[in-house]
Amino acid sequence: MSITYLEAIREAQAKALADDPRVFIYGQDIGAFGGAFKATKNLAHEFPGRVLDSPISEDAMVGLGVGAAIEGRRPIIEMQFADFSTVGFNQIVNQAATLFWRTNVPCPITVRLPCGGTMGGGPFHSQTMESIYAHYPGLIVMTPATVEDAYSMLLEAVALDDPVVFCEHKLLYYHLKADKLPTEALPTGKARIAREGRDLTIVAYSAMVHEALAAAEELAAEGVQIEVVDLRTVKPLDTDTVMASVARTGRLLCVGESWPWGGVNAEVIARVASEGFGLLDAPPRRLNAKDTPVPYHPNLWAAHRPTARSIATEARKILRS
Amino acid sequence: MSITYLEAIREAQAKALADDPRVFIYGQDIGAFGGAFKATKNLAHEFPGRVLDSPISEDAMVGLGVGAAIEGRRPIIEMQFADFSTVGFNQIVNQAATLFWRTNVPCPITVRLPCGGTMGGGPFHSQTMESIYAHYPGLIVMTPATVEDAYSMLLEAVALDDPVVFCEHKLLYYHLKADKLPTEALPTGKARIAREGRDLTIVAYSAMVHEALAAAEELAAEGVQIEVVDLRTVKPLDTDTVMASVARTGRLLCVGESWPWGGVNAEVIARVASEGFGLLDAPPRRLNAKDTPVPYHPNLWAAHRPTARSIATEARKILRS
Amino acid sequence: MLQTALKPGAVGDSTFRETYLKAYRFMLLARILDDKFASLYRAGKIHGGVFLGRGQEALSVAIGLALQKGDIFAPLIRDLAGRLAFGEPVIDAVRTYLGSPLGPMRARDGNVHRGQPKEGIFPMISHLGAMISVVNGALLARRFSGVKDTVGAASLGDGATSTGAFHEGLNQAAVEKLPLLLIIANNQYAYSTPTTRQFACHSLVDRAVGYGVEGYSIDGTDLEACVKSLQQAASKARSGKGPQLIVANLLRLCGHGEHDPAEYVDAKLKCLPGGRDCLKAAEEEMQCRNWGHPEMISLWRSEAVHKVEEAVATVQREPGPDPYKEDWSAISTKHLSEGNG
Amino acid sequence: MLQTALKPGAVGDSTFRETYLKAYRFMLLARILDDKFASLYRAGKIHGGVFLGRGQEALSVAIGLALQKGDIFAPLIRDLAGRLAFGEPVIDAVRTYLGSPLGPMRARDGNVHRGQPKEGIFPMISHLGAMISVVNGALLARRFSGVKDTVGAASLGDGATSTGAFHEGLNQAAVEKLPLLLIIANNQYAYSTPTTRQFACHSLVDRAVGYGVEGYSIDGTDLEACVKSLQQAASKARSGKGPQLIVANLLRLCGHGEHDPAEYVDAKLKCLPGGRDCLKAAEEEMQCRNWGHPEMISLWRSEAVHKVEEAVATVQREPGPDPYKEDWSAISTKHLSEGNG
């Protein structure tokens, strides 16, 4: 049997609903229909009254989740696309994220964001928003890159007493497969060494981990050994694991799908430069999407986002320096 | 005669309205009342029909501005507090910011955000959002630190064909004074050397420029010469000026009022580390607000944001390293 | 859909007399506490803004009295009377305004941004309209738990009806048929902005039909009308009739905040129905009906003054917050906290 | 407030006959072009989604015909007929769907996200409801310029009425008394979600009174009703009567997108009024009235097919976009562009 990244997300929600009566799911078309991506397939049927179709009201969807959380529930709010969370933004960053600090009442809400570019997605169905949400105090931001993490981290997200922005990547939904669901996982907040190497550290997360691994493969043929660090969560960010890797390799390339100004890559480089300056044998570099909206046409989209090829090219530059 | 930072903003809007018939202003309580901070005092009277009170509808306020811009107008949209732009967020980052790239029709809209902490402001009347807006392609983000820049940069913002998020700092509104309005200014996108020095570069913007200058003064007494760079605009970011300064001093401290994860400080450090690695004689460091909402009580607020004292302390650390 | 507020024959009935007097006492206490905050503000003793409920006590107290222990209340900035009637201790308000670390917001948040979620008082965030869907969520959670006979009330001003959050929140409650009381205090202004710049409908109650909820239009300065309408609305909500939209007409008898002289207020409004002082009106009503003798009222007043002065004195002796005692972490899972980057 | 759509006696009148036939031709062209997009989608020739207006052509075309050159139209995803009637060239649609760099969106945006602002067609962003206030702003700008006799139309679905943007936009237009036509195509579903999960009011037209705007409720499958109601609403808006809210009842005769088999659609709906195919209905109507002989109609059909095939053939010969020719800058002030960090 083999299971996809998307099925893992569906299974994690099924398990959360089955194990914890406090869990419910709220979002557009997630009930009988099973969601725009089928991440809640059959869940409304298996868990009557606990998987509810919402109106097209992102602000109220998140607000409702916060209110239910105050009453001890563990809501999962599905945004149909991450891009639409901009209209639920205020409730996420100012309501959910501030509740515990202001009132000492925890806010165990999970907001699922189907993120990232796909062929023909275009400017408003392709955005990644981890760099926006991670800036705000009070939020945990997860960016699983594997089927196993999609499953175990979503269960973690629901179990945590704090608001979690769960960034799942649409490009991984169907193609990424595993043989079975994991029974154990790294703790939340710990990064993972996705591939070991001694010449260069590539820090990535979400779909970019796979581009980085492909680049590492390509470079291996050239006799270069790339270490790939999968951040898993971007807030909190596992500086120790990154630093330990850079200590081994002396070189750092950060790869992310979000826009170049600020964000995960800038944060990682700033931390390494501040706390691990002496570890660096060469200037740290980063690779992001280009500084425009995400283009519709595949030709343009392929040039807009980092790919195994552009990562390999960037890596060679660093290795030469 | 002396003029405050707030009066300079009012004067810039008066001049823009007088010089350019395409300009109008739209926002809550900005008409006869002159605005919550009086940034539009008497303008409704002086320019009948061009300074309009809006309903409490931030999303529609920005949307209206974009539509008017399409028709060739130059709207200035006043948010009552930057914090409330979260409910106008979608129209700023997905409508205004994408219009030109998608349609080739420019979007000359200026969104004024009264930003930053003040005594007793609390979590929802104190936020700075430059780090959020600067992440998005299609926006220019200005953060004036002086009376002169408040005036000339706002005029620039209105004159530019692109959407500008204009971050004015409430703490500077009344206290910061100049003798007269400027007749010339640095071009948009150029940073300013606010104070020259050879031992350490402090990069700051908005209200933090003044904290940095105070720290520099304090350290001068200890025989240390601090160079203070005022970014003026955080997007685009004047990497050249920053790099040139670091080339002189070899040491870098970035200071900002926004939250620690990501944002302006991380971006500046990432650029210097990537492009000016060899210029650094010591690890670059940064100082931000603490990673919680902005506290209400002055005791807590003073500890939450960077101050001349905490900047000086941080600077000494770097100078010792 | 539109309903008249008064149940005929109710007047004079003795339990109502007690309710009325009880309401009046809370209004009086609220007025006195508000006045105290105003004077503390003028004395420079309060950081940031001070926002009063002067002129809106009748409506606000009616909300607090229509709610029962265990219900939910998301008050807005002019709801001191309702908060007190619902059970918020005077000292909570004082501690929050004066920034005492012993208050419910621990000096982290201030003035009207206070509450105790576990006691059913949801502390507003500033963004207008944002609390409605939060109340919806709490009510939905209670439905999940099989809790019956509960309601949640959310207060709003006329200006806040222009927010998208108001629309999404009320519509969501209507779709889920939640026991939500949405009370709109139309005090004629949003800060300086008159209602003509805020909406174009004849009355905000005309919105009820568009959501499929019941609507009430009342004189917010008439204590009896407020108490009876809110009670009627609350019992309807409790009995499964879904959201109830109460629109009260009244006038803000103070500035938007104490910093605001409010010269923009049209003096004529004071002479119109809804423009009078609801506290005075209640006193006159009590006289006509011969309810509560003047001596009793002045006794109540001095008791209220004493209560307020005592609370203020206590809080003023309390030390301010100590930044070194703060853990500066915004999340409850401490080992995941990033500290201060 | 609620109005009946039909002006009596209009039927048969010869200019109306022409309008009707003209409308029918655009509906036919839209249906054929939509069908072509569907087959291109099935053939894997289109990147991303394909969204059809099948079943909504009568309403959509009526919008396009009620508008004049110089007016503003913010179409939504099911407005191909209205776009064509308003003047959008067939090739613009084809180029956008096939991602030709020669199209108005230059392959940067696709499918229904197309338009030419300077021609009065505002290209939607995906966020539902977001275009209303943009149309308001354009109309306000025209008022500033003293432009009279102009209107702006914004299309919406039933689901989009649940967005805060819908509320803020319509309310804003009402406050400014702008000449906005807000057309709601209630096609019974928002993607898979039935209206019972979207709103609780009896009819969406009941919302008009709450905004103080005129409301119309029409059968969206009745071409005559659509054309006349939209013309009536447009002339009212032109003459300064403020926003007009048109709510049309109809059924989406396709999936949400072509990827969607839409098994969730209740078959009974097809038998209810509003459930029929408006194109067939118009043809039947034409037969009864003896307007346009069958031969003419089949001639029109083949002309339309030809037009569509020609456009597709042309565009398919056009080269795709070249990333190296892109300047990858999102702002117009090039010297301020950060490039690609």
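Note that the chains are named A, B, C and D in the order they appear, and that numbering of residues resets to 1 at the start of each chain.
In this text, contacts are C-beta pairs under 8 Å (C-beta built on N, C-alpha and C of every residue); 3 or more make two chains touch, one makes a residue touch a chain.
What you are looking at is a predicted structure, and each value in this text was computed from that prediction instead of being measured.
Among the remaining chains, those touching chain B and also chain C are A, D. In this assembly, C is the chain whose CA centroid lies farthest from the centroid of chain A.
Note on chain placement: the centre of chain A and the centre of chain D lie 36 Å apart, centres being C-alpha means. If each chain is reduced to the centroid of its CA atoms, chain A and chain B end up 30 Å from each other. Averaged C-alpha coordinates give centres for chain A and chain C that are 41 Å from one another.
Residue numbers of chain A whose C-beta contacts span two or more other chains: 54-55, 57, 59, 83, 86-87, 90, 94, 97-98, 101-102, 123-124, 137-138, 235, 237, 259, 261, 286, 290-293. With touch defined as above, residues shared between interfaces to two or more other chains in chain C number as follows: 105, 108-109, 113, 125, 127, 162-165, 168, 171, 175, 197-199, 329-330, 337-338. In terms of which chains touch, the assembly is arranged so that all chains touch all other chains.
Only residues 162-168, 171, 174-175, 177, 196-202, 204, 206-213, 242 of chain C touch chain D when the two sit together in their complex. Those residues of chain A whose C-beta lies close enough to touch chain D in the complex are 28-29, 32-33, 36, 53-57, 59, 81, 83-84, 86-87, 118-125, 259-261, 286, 288, 290-293, 295-300, 302-304. Contact residues on chain D toward chain A in their complex (touch as defined above): 46-49, 99, 105, 107-111, 113, 125-128, 159-160, 162-165, 190-193, 197-199, 264, 320-324, 326, 328-330, 337-341. Residues 24, 49-50, 54-55, 57, 59-73, 75, 87, 90-91, 94-95, 97-106, 137-138, 140, 160-162, 188-189, 235-237 of chain B are the ones touching chain D in the complex.
The part of chain D that touches chain B in the complex is made up of residues 104-106, 108-109, 113, 115-118, 122-123, 125, 127, 130-142, 144-145, 164-165, 168-169, 171-172, 175, 329-333, 335-338.
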